[in-house]
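Structures are listed in the sections that come next.
Look at the two complexes coming up: chain A is in both, with chain B in one and chain C in the other.
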Partner chain A sequence: MNRPAPPPRRLGLWLTILIGLGAMTAWSGISIGFSVSELVCNAAGGSRLLRESWPPDFAFLPRLIGPFLETVQIALIGTVVGAVIAIPVAVLAARPVSPNWLTWILDRNFMNILRTLPDLFWAMLFATAVGFGPLAGALALSVFSVAVISKLFSESVEAIDLNLTEAVRASGGSWLQMIGLGTLPQVWPQYAAYVLYAFELNVRGSMVLGLVGAGGIGMILETQRANFEYERVTMIVLAVLVVVLLIEQFSIAVRRRLT
Partner chain B sequence: MSATAASNDVMIRFRGAGVTYPNGVVGLQDVSLDIRQGEFVVIVGSSGAGKSTFLRTINGLTPLSTGTVEVSGQPVPRRQGRDLRQLRARIGMVFQDFRLVRRVSVLNNVLIGRVARVAGWRSVLNLWPRADVELAFSALERVGIVDKAYTRAGELSGGQQQRVGIARALAQEPEVILADEPVASLDPVTCHQVMEDLLRINRELGITTLVNLHFLDLARRYGQRIIGLQQGRLVFDGAGRDVTDADFQRIYGRRPEEDDFLQEAST
Partner chain C sequence: MSAHPLPARRWRPGFASWTTLIVGGLLLWSLWAIEASPERLARLPAQLAQVLGFFWPVDWQYGHTRVLPAIVESIQLAWIGTIIGAALSLPLAILGASTLFPWAAKVIKGISATIRAVPEILWALYLVPIVGLGPFAGALALGINSVGMLSKLGAEVVESADLAAMEAVEAAGGSRLAAIRLGLLPQVLPELMAHWLFRFELNLRASAVLGVVGAGGVGGLLLNTLRYRQFEMAAAVLVLTVLVVLAIDMVSGSVRRKLLRG
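Here is the complex of A and B:
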């Protein structure tokens, strides 16, 4: 048997891609005024900031507990509300179990719209409706959670064993029973994992939303920064680091046990 | 057991029944026969002969293209909806691959047999009425695995899972049980246990039972009546004890081979 000829090297193609990417980066850098020299020249200012930021103000720590709780509470509300709404949204967008083509296409597009708009946009939208504060933050994260969970979960639902749904239908079951008894029991572990993942994202999200007035630790961070209390800022950043890591480790440990 | 029984005890009636799938494959062609109340019927034929199609037309999982199927005088509805669900509630089905929700308890799997009699929201929220749970338990007792009621279905052996499948069908309190290759995934010993279960339930409760089988020796042993299908056509209809190797040759369109027998080692 003849050995096959090696496939042609597509040097030209790679070169074109490389030059194209390089040109795009250069264009972007010039447009936004990105320059390394400016960074180096201002290093002195940066180092002064760093000196003022150290040591962290541990005396400030007790006053962080309340805001931290609020941040986690905002994330929790957002996750729970989003997780409940995400179930029907995900099921209707899963082609094999969706009741008809029209429902499927409408729900798919609904999910795409939710996912395309960032959580900050939703926070602004709800802030105009209910005012800046924790409620607007929780509502924004609810929408964000629906977007995240329904996208992941509908893919799990699409991968279920459809033969089981036929067993429910053969017993005279309705569409609701086919979903509740034949479909969802197959994917609850994945669902729980996605909800935990959404909670992780929401804790971080609720800190960012705090920066724009949704309450919690983000808001404290913003006020301390505006008052040049850099030692307190460092304390907050360290505490955030620890809390986020703890929540992530907890979530990862539970998710590993689920799947 | 002639094909023209008196109409008052006919359970299932096929008249000119045919199925052509959307891809053009003919699954069933011009089948006319009667199955009487309480009969134990075995359907044989090589794979692709239309055995599954035949069973699935009875509960409307596969709609007929031509002709009619009636279950106790009522035509099988062609459209999805309440009528079809109510008919399916009276017909239990047992599958080759068991079709149990593996992560869920045996009891909850058997309760799926009660879906048509329980309000949708109650069943979905797992708030089954006491009487339906009782029915599920007695169905499990009848197949002898009530001790596994709270075990996850996926933890059982194949034979035990198929018994759960039978219990699920029984929980429907059905008039008819359709068993589509119920022993094809089981070892020889378990095969006989499951067939004995089906036969005993047929005798004790008088449930009309139709079983698809591809092993000829099992068909001859358990089929009080044997229906042979070849390429979707009815080619044999007679008593199990009368069936000869020549009949099998006609049904299969070839001489029976070793693979067509279970090779009874243990019974």
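Here is the complex of A and C:
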């Protein structure tokens, strides 16, 4: 019986990779003090905390409605403002339609740098600049949304059918007409899906903005945590869970219709 | 203009204008609710420009002595979080594939959706009192969220896998476990590893903020320097974070592309 030749085994390569990853893990684990024994030793403290945080304080729920509304409002402003700014940012960073090489490279790097900072960093920065409160949160999420949407959207724009843009150009259209008539109409459905996706991220993000003083439900969370009112903390976390899941389901349902 | 202009093509005008109207209305209502008056918004650019000026010159000394070690800690806890997530999510991804285990899949998907809905910083809120202030709590929080996301993405990868190879192993007398190991894993592992790396990039950003609740990493430094208005030190935190994250993104991104191309 003729057996097919076995695939080449690159054992050395895999071994090197495995040892490298193992070393990285061991080094990280040791430096951050990862220990299962500590986890077991602290189980008593942990169970006390869990007892204290259950049952959730349902009487606290009515006082959460206002802050939750604010949280969703922050997410909404952040998404809409970010979505509008993301259009030119994404178009200029899409190679086939970007007006010239310099704009493309500058905008591309701008997008990458924007994406490196997490939403809470922006929140801390804006809270310092414009004062504590929901406006700082809305600004932070606007920047964050630009980062998320423009990256995804520019990839969609790069994948468009270029015959249409050429058709606009060939019939004497300006660059703006090429974008407005030949480019964007092709990608609106994707754009809408990305905006909704950013809204989901923003709703989740806006829940914790208050930890750094940028408005929303997180502000209350922070004060209750500081006072060790863990029954109320649990109530807030459960409410966050429900709101996030509801908005996610809504968004997924709409996105499914779009595509 | 030609003599016979084509009739303007209309892109579902009803839908588009309704959406714009509703979103615009909600936007105005929200702006009113958070008291972002036009006057306040008009003052914004000047305010931002003024604060931006404080961030110069960057305090490199502080960057070297305090920020770099904190960033290293962020990387470490992102890494541990990813390893926890990858290790636990692998079996969950297989059990969560509706093509293989229809019943288990429903349960696992529900659990992972619940985990994902809670931001990692809230997990850290509970873990800090349990395991104490420090990066260990942060790593566990990231691990929990990573499991949630990776088992969902992993299950989708497994669902899209070609089941013929598994059937072939079983037809040749292999057990279910052998079918998974020989017929499934070789197909899906590269894509799974690409997701793990992507999660590492996300964890790196998330680990940066965990310091806000005392769970290690570089976030605590930014919070404190900004609180005490030490802008030049805060600038060091920002610049170094951007540079390190960019570098790691580039490396991780190129490895991911390699994995997906095979």
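Convention: the second predicted complex is superposed on the first by the 253 of 259 C-alpha atoms of A that agree within 3 Å, B and C clash if a C-alpha of one lies under 4 Å from a C-alpha of the other, contacts with A are read in each partner's own complex, and residues count from 1 in each chain.
Note that contacts are C-beta pairs under 8 Å (C-beta built on N, C-alpha and C of every residue); 3 or more make two chains touch, one makes a residue touch a chain.
Remember, it's a predicted structure, so these values are computed and weren't measured experimentally.
In the superposition on chain A, no contact is made by A:82 with either chain B or chain C. Residue contacts after overlaying the shared chain place A:163 against chain B, while chain C stays out of touching range. By the touch criterion defined above, A:172 reaches chain B but does not reach chain C. Of the two partner chains placed by the overlay, neither chain B nor chain C lies in contact with A:67.
In the superposition on chain A, the chain among chain B and chain C reaching more residues of chain A is C.
When the two complexes are overlaid on their common chain A, residue A:53 makes contact with chain C while staying clear of chain B.
Residue contacts after overlaying the shared chain place A:134 against chain C, while chain B stays out of touching range.
By the touch criterion defined above, A:210 lies against neither chain B nor chain C after alignment on the C-alpha atoms of chain A. When the shared chain is aligned, chain B and chain C each come close enough to touch A:185. Across the superposed pair, chain B and chain C both touch chain A at residues 185, 188. The touching residues of chain A, counted against chain C in their complex, run 24-25, 27-29, 31-35, 38-39, 42, 45-46, 49, 53, 69-70, 73-74, 76-77, 80, 112-113, 115-121, 124-125, 127-130, 133-135, 138-139, 185, 188, 204-205, 207-208, 211-212, 215, 221, 225, 233, 237, 240-241, 244-245, 248. Those residues of chain A lying in contact with chain B across their complex are 163-164, 166-174, 176-177, 179-182, 185-186, 188-189. The residues of chain B lying in touch with chain A in their complex are 59, 61, 85-93, 95, 97, 99-101, 103-104, 112-116, 120-121, 123-125, 168, 172.
Interface residues of chain C, counted against chain A in their complex, comprise 11, 23, 26-27, 29-31, 33-36, 40, 44, 47-48, 51-52, 72-73, 75-77, 79-80, 83, 113-114, 117-119, 121-122, 125-126, 129-132, 134-136, 138-139, 205-206, 208-209, 212-213, 216, 219, 222-223, 226, 229, 238, 241-242, 245-246, 249.
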